[in-house]
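Note that the chains take the letters A, B and C in the order they are written out, and that residue 1 is the start of every chain.
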Amino acid sequence: MSAPPENASGAERANSRWGEILSYRPIYSVLALLIAWEVASRLALINPYFLPPPSMVIERAYQILLGEKLLQHLAGTLLRSLAALALCIAMGVPLGVAMARIAPVRWFFDPLISLGLPVPKIALWPIFVLWFGFFDTSKILLTAFACAFPVVSATYLGTRNVDKFVVWSALNLGTGPHRLLWKVVFRAAAPEILTGIQTVLPIAIIIVVLTEMLSGGTGLGAMIMYAGRFADIKTVLVGVLAASLMGYAMIKLFEQLRRRLLAWHQETSATA
Amino acid sequence: MGAIDAVGVSKRYRLDRKREVTALEGVDLEVGQNEFVALVGPSGCGKSTFLYMVGGFLEVSEGRILVNGAPVRGPGPDRGIVFQHFALFPWLTVRRNVLYGLEERGVPLEERQRVARDLITLVGLAGFEDVYPKQLSGGMKQRVAIARTLALDPEILLMDEPFGALDAQTREMMQDELLRIWGLRRKTVLFITHDVREAVYLADRVAVMTARPGKIKALVDTRHDRSQNAAALMASPEFARSVNEIWEIVREEALAAQRLEARSGDLGSPSRP
Amino acid sequence: MTRLAASGRYAPLLLVAAGWELAVLSGAISPNLLPRFSEVMATLWDLLRSFELPREIGVSLLRQMIGFTLAVVIGVAVGVTMARLRLVDRALRPLVTLGYPVPVVALFPVLVLMVGLDHRLQIIVILLGSILPTIVSSFNAARGVDHYLVWSARNLGTGSRRMLWKIVIPAALPEILSGIRTTLSLSFVLLVAAEQLGADRGIGAFALRAGQNGFYTGMFAAILTIGLMGFAADRLYLALMRILLRWQEQE
């Protein structure tokens, strides 16, 4: 991959960087890798116990799928993740906007958010269990809580950094203070807000899976831990694969949504 | 009574707990109806600050600003403003940008479509109605900004170095465009620029502001024969005389500003956080 | 002046602590759900004094530092090399692309079977989980170096080798360091997750165990400590970053 031409915009340069990580071109190398894995595992070059050949993993996935258990677990993880994300956005975005516009709100929440960002939220798991039990509620709430921090932060910064002159133009053209927030400020901050949400998509899945691993029941995490107890590595890998694909699909779908919503934004290039 | 009457206007603001900056001190300026006044001065002298106060975006610390006899109370469509960096709404197309003010005012659909269409044609952007700002060049963006502001037909036009972000050729083209538009729809214009030639070319009168704390140092009449073409005008001795006269004063103030900076360290300007 | 302002900035935390104490004291929240703040502090003090907590903190920190340092050293080296040498890029890219969306914590049972339940397990979780994002961000940082800098250097006679150390790395340093900051907080998450999933030592395990045994003040104390560790590590790192990037122009 060559360096971008000298008059490439920042956006083009960004696309030539690890944007390709989620593009289709490396698929051949990936296939080559998978084939190498298959061969090495079958020939016992890698210990097939720890790293069974992909074909067996897929076979196992099919078996589990037939038993409908996989779908159940997948649905469990997916729904919890979506619920957590919805909650996080519904609470986080308004809070971020409020922080940017109302001084007392900012005074109170700014240290809390900045203090909380580097703290590993999963450490709070025992507290959430104590308060909300072992079932869905604690998992969804902890995930939503953990994802809220980056979302609030991104929303706050995006709203705060809206070009003052754009706001002044809107005022100049007769926009009332209420319409100003929704019609102008929010739209202008949308790119940053959507980026913040995009960042937490994989985080949501990971934390949901983690809480499932810690508490059992349904969900990919629970499936993985249960299989691990019986040293059923194939099932574990099926679970890992499912979680990875889920994350990948979610990011891709969100990117499409973002492109649609932000067609006007200068970073949305026509060829991406 | 002029369209804009600034009397003894001062602007002070607090940098932090200890330091206070006086951006403007006792500015007196009168802009007559349908007059084109340019305001020049060294960088950081407060010309933009003054404009923002006329626009109602900043508050006056002392003195008063009257627009058609009434004191300024916040921003409003009667004093349309055009900013240096266009400040278009990037999520709206050219047409939607121009329609924005009309929608806010509640103008009926047919009329506002018509007004927008006429204005987009007036500024020479017919055919670009459904394009997003990101696809436009600097000059085109500025034309959209002007069309958007003119949509509400303000009596007064405030322009904050509107051509400062454009390259030299586009700038010259836009200057003539502005004069053409102003000829068709006469308004009162207060135009900020640091380019003295531009000021003399466009304006009826040029006001020169001192270094910070800014006040009006001089007012030069630059009404000249606009019937001749731009090249001839700019080559004429009257033009050169006006430019030199004004440039001397600005230079003096620019040097004073440098000395001020060196002495106290740069304190920054209020409009650029 | 700034230090005073900085402490003033965190005043809302005192409000939260006060609110906490009052909520339980007034009976609005049951002490079974939320022990009083003062009691948690008291337990924290006891645990610190008896050296029980410092021991667990030490264990956790050791794991975190080893895993994190390895991830950073290897990750940055690989990332920058991939950005500079097309061959390495082509060879490693599929591995990175494939591995990136994989949640390492989900591989925990496999790792347990491979390594067993000891220190190495947590370190490997941290290492594996942190290394890919570090590679990606270092790669992007090295790629993003303004090529005018590189061309100027070449114009002044800099060879390829010196180019890397004298130009590319200093120019990419801000972004690399910023990526490492993210890796730092990620490493703490992985540490706590790995300890909760299967460890008998370490502060994450301590917190979980305390909860299971009904030792709620201890549980809260341990969790507060984890929070403080993450926060302190981040601030220390920021200070380090500031020193290393002294030459950077303030925007």
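Note that in this section a residue touches a chain if its C-beta (ideal position, glycine included) is under 8 Å from a C-beta of that chain, and two chains touch if they have at least 3 such contacts.
None of the values given here were measured: they were computed from a predicted structure.
Asker: Name whichever of A-B and A-C has more C-beta pairs touching across its two chains.
Answerer: A-C
Asker: Using the mean of all protein Cα atoms as the middle point, what chain has its own Cα mean nearest that point?
Answerer: Ranked by how close its C-alpha centre lies to the overall one, first comes A.
Asker: So the centre of each chain is just the mean of its C-alpha atoms; given that, what is the distance between subunit B and subunit C in Å?
Answerer: Centre-to-centre distance between subunit B and subunit C: 51 Å.
Asker: Rounded to a whole Å, what is the gap between the Cα centroids of subunit A and subunit C?
Answerer: 19
Asker: Distance between subunit A and subunit B based on Cα centroids, please, to the nearest Å.
Answerer: 46
Asker: List the residues on subunit C that touch subunit A in their complex, please.
Answerer: 9-13, 15-16, 33, 86, 89-90, 93-98, 100-103, 105-110, 112-114, 136, 139-140, 143-144, 147, 184-185, 188-189, 191-193, 196-197, 204, 207-208, 210-211, 216, 219-220, 223, 226-227, 230-231, 233-234
Asker: Which positions of subunit A touch subunit C when the two form their complex?
Answerer: Listed in rising order, the residues of subunit A that touch subunit C are 1, 3, 6, 13, 16-18, 21, 26, 29-30, 32-33, 49-50, 107-112, 115-127, 129-131, 202, 205-206, 209-210, 213-214, 220-221, 224-225, 227-229, 231, 233, 236-237, 239-240, 243-245, 247-248, 251.
Asker: Mind pulling up the subunit A residues that touch subunit B in the complex?
Answerer: Touching subunit B from subunit A are residues 163, 165-166, 168-175, 179, 184, 187-188, 190, 262-266.
Asker: Taking the touch rule as given, give the residues of subunit B at its contact with subunit A in the complex, in rising order.
Answerer: Its residues touching subunit A are 52, 55, 57, 74-77, 79-81, 83, 85, 87-93, 100-101, 104-105, 132-134, 145, 148-149, 152.
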